[in-house]
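Next, two complexes with subunit A in common: one pairs it with subunit B, the other with subunit C.
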Partner chain A sequence: MTKRIGVFICECGTNISDKIDINKVIEEVASLEDVVVAESAKLLCSPEGRISLEKRIKQEALTHLVVAACSPRDHQQTFMSVCKRAGMNPYLLQLVNIREQCAWITEDSARATEKAIRMIRTAISRVRYHVRLEKREIVVNSDVLVVGGGIAGIEISLMLACPDRTVYLVEKSTILGGMARRFERVFPGMDKYSEVLETKIGRVLEHQNIRVLTASDLEQIIGFYGNFEARVRCKIEGEVTRNLNVGAVVLTIGSQPSDPSGIEKYGYGEIDNVLTALEFEEMNRSGQIALCNGSLPTSVAIVHCVGREEKGYCSEVCCMYALKFARYLRERVPYAKVSLLYSEMCIPGKTYQRFCEETLGDNVKLVRSSNVRVWEKDEGKAVSYLDEGGAEQTLIVDMVILAPAIEPTSDARRIAEIAGIPLSIDGFFAEQHEKLGPVATSKEGVFIAGCAQGPKSISDTLVQADAAAGLILSSLVPGRRMEVEAETSQILESFCQGCRSCISVCSYGAITFDERMKVARVNEVICRGCGNCAASCPSGAASIRHSTCDQIYQEITEATR
Partner chain B sequence: MVIGAGIAGIEASLLLSKAGRKVYLVEKCSFVGGTVVKFENVFPNMECATCMLAPRQQDLLQDRNIELLTLAQVAQVGTSPEGFTVQICKRARYVDILACIGCGTCYEPCPVSAPNEFEMGLSQSKAISIPCVGALPNVPVIDKERCVRFAGKDCRACKDACALDAINLDQKDEMLELRVGAIIVATGFDTWNVGQIPRYGYGRHSDIYDALEFERLFASNGPTEGRIVLRSGRTPRSAALVHCVGREEKGYCSAVCCLYLLKFSHYLKSKISDVKINEFYTDFCIPGKSHQRFFERMVKGDINLIRASRLEVDDCDNGLVVRYDTGGGKRNECVVDMVILAPPMQPRRDTPQLAKILGISLDDKGFFVKGVASSVSSSRSGIYVVGCAQGPKSIEESVAEAQAAVADILSSSRSGGL
Partner chain C sequence: MSNSVGDETGAVRLANQGGASATLISFLKQGMDVGVFDAVLVPMRVPAGDAFAYVLIRDIALLDDACPLPPIVAVQGGKVVSRLTRLGNGDLKVVAVMRPCELRATIELAKLGQTNLSNITLVSMDCPGALALAKFIKDPEGGTEIFEKAAQDWRDEDLRPICQICHHATMISGDLHLGLLGGDENHLLLISNSEKGDEIVRRLGLTIGEKSSVRVTEVQRVTQKRLAKREEWRSEFESRVKGISNLINSLETCINCHNCMRVCPLCYCRLCYFDSENVRHPADDYIDQAMAKGSLRLPPGTLLFHLGRMTHMSLMCVSCGACEDACPASIPIAQIFSFVADKAQRTFDYVPGRCIDDALPLTVYRENELHEVDEDE
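Presenting the complex of A and B:
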């Protein structure tokens, strides 16, 4: 088929025409091979400009289009939709940025004109090799797999489940509720949490569209957003495995407190009445705070930041729950003296400082300290520390509560590998973007929420759970079809040598190896068209559809001629 | 309807649009992006804030389901069977948003010059202008308060300069009526004017900046194009960064100051490698998995970390003198060229008024109160509050809350599910 290339040059008001001699440009490019139209317009992106461009494409039966105007960031989409309306495949367009990259930065008018001509010639050489590309659509599976039945998993399941959407809630242990089950009260409201939690668990268990799989473990996930297949093994029922087809996966496996016995100076495991925070929570929940010998404590030291230095991060909630512990003590052992040995008070936000102020009093004191160590002395436990001035001080107490750093659960790494998402340096799940994507991950369709992403409070966990639900509800709509990117990579089987270099450089996990045929295959639904595979392929089998070797070669040849 | 086109409002609008909802995004200013557009970089990765925000702003401007109403404010809210009937007051821009291409030719001939509010008064702007390079939509606005035409003079300099005839001096303010099913309040925060605490010397002595002023001073698209200079034009050799300014008076911690002041020390070091930095703090609040590493990275240079209380700033012959109590209760002082104060985040000035219009409650600090129905509900069903309108928080928390509000609206499990 003969090529009929149209070149349209936008004056952009006076932004381009002030610097570039438009008539000269038209004169130069009009005579080039296959160019059937070369025209200018006052403002191509305006409604009138777009209508006239559409009309001209049809009138001249153009096969390819070059638009010389502004940045593709401004108007690539605009001109692509003009093409679509004119019945032309939008990938047969090449946009040349003669505004930002020429008119606005080249001082001399003659040189700017020359540069614009060269840029447009380059685009003409390239566009000739453009091919039609089609976007494809797939039907989405709107069901969701939630891994981890703590408060985050429960919240997400309740938010998502509806008659058109089944949620599979997979929990490793035999009961739902996770870590929050162990707390009697939660800060800063000091509400009894068990009632809230039991109500929610009840709703999950009764929900027609939530399938709860307890004592079950995730074994494999393959596929892509809108179409995953997950394998789950149930440890009871005689080790049954089930395959679940879902559209999205949410990982809410929580976190765990680190074991302070690894840090000798705190005497945990060696000295009586040195407890971890969780042990103290449980002691309180049992109804009585007491020492090993059954008597009530008269003085208690709560040590903040245990293991913070070793871990390299602040666990965010310890200052607040230490204050909560002081309130437990105030209620159950009112005369006990409580010392909070802290390094930096971390009580961000509008309500926490008040909680702190209302907790402190004659029997509850903040003690700024460093180098805390716990040892045994005749009368009881001695807690030594350096005060603000650097002098060593010693407190004699009969109970010590340690607030250990929060760390990822022991199976975080395994689950991350199964789901194909990276971990951050501390072993928590890495979010897609520190600021803009706190609950998304680098793998589309896999979401994270709660303490599996990093230490956080119950309220922050619930926000994240709802956030993950929001992302899923807005994009994984039952019955909707998903548009699949047309600008993807392709691998020609007959050229592929099976070296797998493309697989190692693919950032999206879009390429798999076909063991039978010994070739690499691209999953076009996952591919983002970045071109890493094309650049790394030694045999020329991999290429990207929207920047082929021919296109780039013609472009460079013309640009450097 | 989403009120406020900051980072949270944009996030909520884009997601609701993706779900197929029609969204009215009501923004008081002439541009979108909120407070984050004033930042050069964001902690902890020191990513360029504009580059982070720009793709979202572009998506927003091109989204067909989102009707962006700039220069618009909510005037009245009533109930209707479907939810709410909202009266919007949309001020005239006097520039046709479709015809204008943002070339800026119209600024030159304008005879007015006044302090640029977006730049915290650190530079001058014309009566017709965009607040800074890169503001979106890239369309100027005429400030009626400043334009001489609205003071009775027959000036049409900007209109004559515009090649596209985009300026319409006869445009009128409009009242619009919207019918919506749910409202997300994402109006952000103000910073407290630290001049109200006299001991910090703000407003009395030069070269004392509050945090947002310093952000603009460092911004490559700001009034000095990123050169950090004293009012005299000299480069500062030393600076004091003061944490927790006004915390005691407000009674809460603003959650992000420790981190952004560390960012500022990085800003300073990146431009003036041998600058002496003193950070005056009370407690380092750097929660979460990645912030302590950021802290360690930032203080690795020779930043002087000083735990201080009862701090005051005064003028002296060699610049500014900072006097403070050390941990041991001793009074100390140091002399610096520049002081940067971290003011508390506080509710937007018009929060009480908006609360009244929306019929929702405020807490004792003046922020919108959190309801019981969900993490982002307000005291009234169908209205949600996200981001710093609800209390001081980081960008990531604001974004997560915006996403959570979208879940509340879309989920059939909530009573607000529509």
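Presenting the complex of A and C:
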């Protein structure tokens, strides 16, 4: 079939025409082989521009289209849509970026014009070798994998599960509930959260559309939003692995308190009756706050910010739970004197400050301090610190509670690697953007919520959980169809020698090895066309549709002519 | 196979049966006799007498004619093992005997799914070098004499240039290694380097003795000498070959036969890209190019072919010299590749064929590599 190539040059207002002599460009390219139209437009991406382009494609019965305009990042999709409307396969278009890559950066006008001509000639050479590609559609998988059965994971599962959508809730330990399970009461309401939690866990376990996989670990995730395949290993049931097909993944693996024994000055692990917050929480939950020797404490120091300097961030919840501990003590050991050794109070929002004010009293004092250290003096414990004036003070107490910094779980790095998402500088999961995508990640379809993203309160965790669930509900609608990449990799069996280099460099797990035929095969629904396989294949068996050898060869040949 | 050069912990003292070949053959016969392995893949002189070929031997009597260390590298052993095992390794337990460079290529090929070593035991020996193929074919008898003399005292001036600068000649990366260096009139050393090797030693009732300090010194001496020569040649060679115009000059006599690619054990592609239709174009293209440049050498792309091959295999190149032996135009192609490979491999701290567990550099990502090309440095 004879080729009828149309070349359209956008002036982009004056962005391009100020620098490039459009008429000269038209004159040069109009006479090139197969070029039947070469004309310019003021602003091709405007509604008028698009309509006229569509009309011209039809009028001239163009078979291939070259648009010389701006970056494909701006308008590749725009012009592909025009092609579609004009009845032309959108992959028969080549967009040339003569704005960012020429008009804006080449100083000299004559040289810019020459360069634009060369770039357009190159595109014409390439577009001749373009072939029609068809985008296929698949129905999205609306099922969701939630990793981590703490409050975030529970909340999300309950929000998402419905007859059209199965939620797989994977939990590493044998029970659901996560960290919050260990708290008797929660601030600021001092309500018995464990009761709320138990109810929710009960609902999860009974839910027809939630599959709970406890004692299970995430091993692999491949695929993309709407079409993931996850492998989960169950550590009981004789180490069974299960493959789960889901459309989205939410990581809610929580956090852990850091170990204060690393910081010597607090004497943890060395001195009796120096406890971590979690140990105190459990002591309280057991119904009895007592010293090692069984007697009740008479004076307690709660040390805030243990490890904050080392970590470089505030753990957000310690000030509030320290106040909560003071309430526990007030209830169980009313006469005990409680000193809260803080450096900065973190009591933001509409309820925390009131909670703080209502907690403080004759027996509960805030002590602003720095350089806190715990040591043994005679029979008691001495807590030394520098007061606001910089003078050293010493408190004699019989119990010390440390509020250690909250850190990422030891699993965070591994899970991030499996999911293909980055970690923030502190090792928590990195959100896509603090304000534009606080529960999304750089990997589309992988969401995060709760303390895995950073230390936070139960209320903030629930807010994030609801946010992540909302994003999934609005986009992963059961039955909705989605287009899959057309510019995928293809592996020619007759060239493949089975070295598997492509498999080791594939970022999407889209290539598998056919052991019988000894060749690699691409799963085109998972492939995103990144080209790693084509680059690693010495045989030229792997190639990318729409970046074929012919296309690139023609492009380079013309560009260097 | 986890040990590398010089890591051997101990050696078996094999009774010297009148030379390395005879000693190794006797060992192989013993192994076959006891049934530790079922067949031996080993070079043998062809009936005409003027060449060598790998032969898969099942008949123990035929082992007498084997030549474990022939004067030449006729077919690269890596290629042979690949042909034997790529499509399935069968049930036979095979011992493959070859030079260290061939063995290293075999290991590289295993990483690329081109050899299957599950039923193969790799055996090698200290290698004094090999004679250039052309030189040997011109005078097989004289060649054999020269080689035997060189093998005696490790004077390698008459051997292939690539062998004279080989510093991996004593590398132990297979299952078993016959130490020519460090042996004496009464004993030769047999070093095991893997569980497979250990198992054979155990089943043959051999005992592992002390590590030979003589061998350590000897290996060091030979390696140092070769390394020194390598450095000396490198600077001289670079002045002739480095830079694009020098390289073009060095490849000027290339006749595009692609023999170097065909004999290279690591050019494992089914069809070389440079032999494919991808590099063939309509006449107009050639005429256009001729017009643009004034003239065009045909077929074009000689430099691109060599650079392309270099890109594909220089990280794995074991400097076996097969390419140079096969070059009818006497291009020192093995040396060119060897010096380039040196640099490429050092960049990734990679020694091809050292250990099957060392991943090919381009298939793994390490955070702490290639900082020299970081943008901000």
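The rule is short, and it goes like this: the second predicted complex is superposed on the first by the 344 of 561 C-alpha atoms of A that agree within 3 Å, B and C clash if a C-alpha of one lies under 4 Å from a C-alpha of the other, contacts with A are read in each partner's own complex, and residues count from 1 in each chain.
Methods note: contacts are C-beta pairs under 8 Å (C-beta built on N, C-alpha and C of every residue); 3 or more make two chains touch, one makes a residue touch a chain.
None of the values given here were measured: they were computed from a predicted structure.
Visitor: Between subunit B (first) and subunit C (second), which, if any, makes contact with A:466: first, second, both or neither?
Guide: The first partner, subunit B, only.
Visitor: Would you check which partner chain A:55 touches, where first means subunit B only, second means subunit C only, and both and neither mean what they say?
Guide: In the superposed model, A:55 contacts neither subunit B nor subunit C.
Visitor: Between subunit B (first) and subunit C (second), which, if any, makes contact with A:316: first, second, both or neither?
Guide: After superposing on A, A:316 lies in contact with subunit B but is clear of subunit C.
Visitor: Going by the contact rule set out at the top, does A:111 touch subunit B (first), subunit C (second), both, or neither?
Guide: A:111 contacts neither subunit B nor subunit C.
Visitor: More residues of subunit A in touch with subunit C or with subunit B?
Guide: Here the partner covering more residues of subunit A is B.
Visitor: Regarding the shared-chain residue A:182, is it in contact with subunit B (first), subunit C (second), both, or neither?
Guide: Once the two structures are laid over each other on A, A:182 reaches no partner at all.
Visitor: Looking at the overlay, does A:192 come into contact with subunit B only (first), subunit C only (second), both, or neither?
Guide: A:192 sits against neither subunit B nor subunit C.
Visitor: If you lay the two complexes on top of each other, which residues of subunit A touch subunit B in one and subunit C in the other?
Guide: None.
Visitor: Enumerate the contact residues on subunit B facing subunit A in the complex.
Guide: So the residues of subunit B in touch with subunit A come to 7, 11, 15-16, 18-20, 42, 44-45, 47, 52, 56, 58, 62, 98-99, 101, 103, 105, 163-164, 247, 251-256, 283-293, 296, 307, 327-328, 363, 365, 367, 374-376, 391-397, 399-408, 410-414.
Visitor: Considering only the defined contacts, which subunit C positions touch subunit A in the complex?
Guide: 86-87, 112-114, 268-271, 273, 276, 278, 285, 288-289, 292, 312-313, 359-360, 362-364
Visitor: Touching subunit B in the complex: which residues of subunit A?
Guide: By the definition above, subunit A touches subunit B via 12-15, 43, 46-47, 73, 77, 158-162, 308, 312-316, 344-354, 357, 368, 388-389, 424-426, 428, 434-439, 454-456, 459-460, 462-464, 466-471, 473-475, 477.
Visitor: Across the complex, what residues on subunit A touch subunit C?
Guide: 494-501, 504-505, 518, 536, 538-541, 549-550, 553, 557, 561
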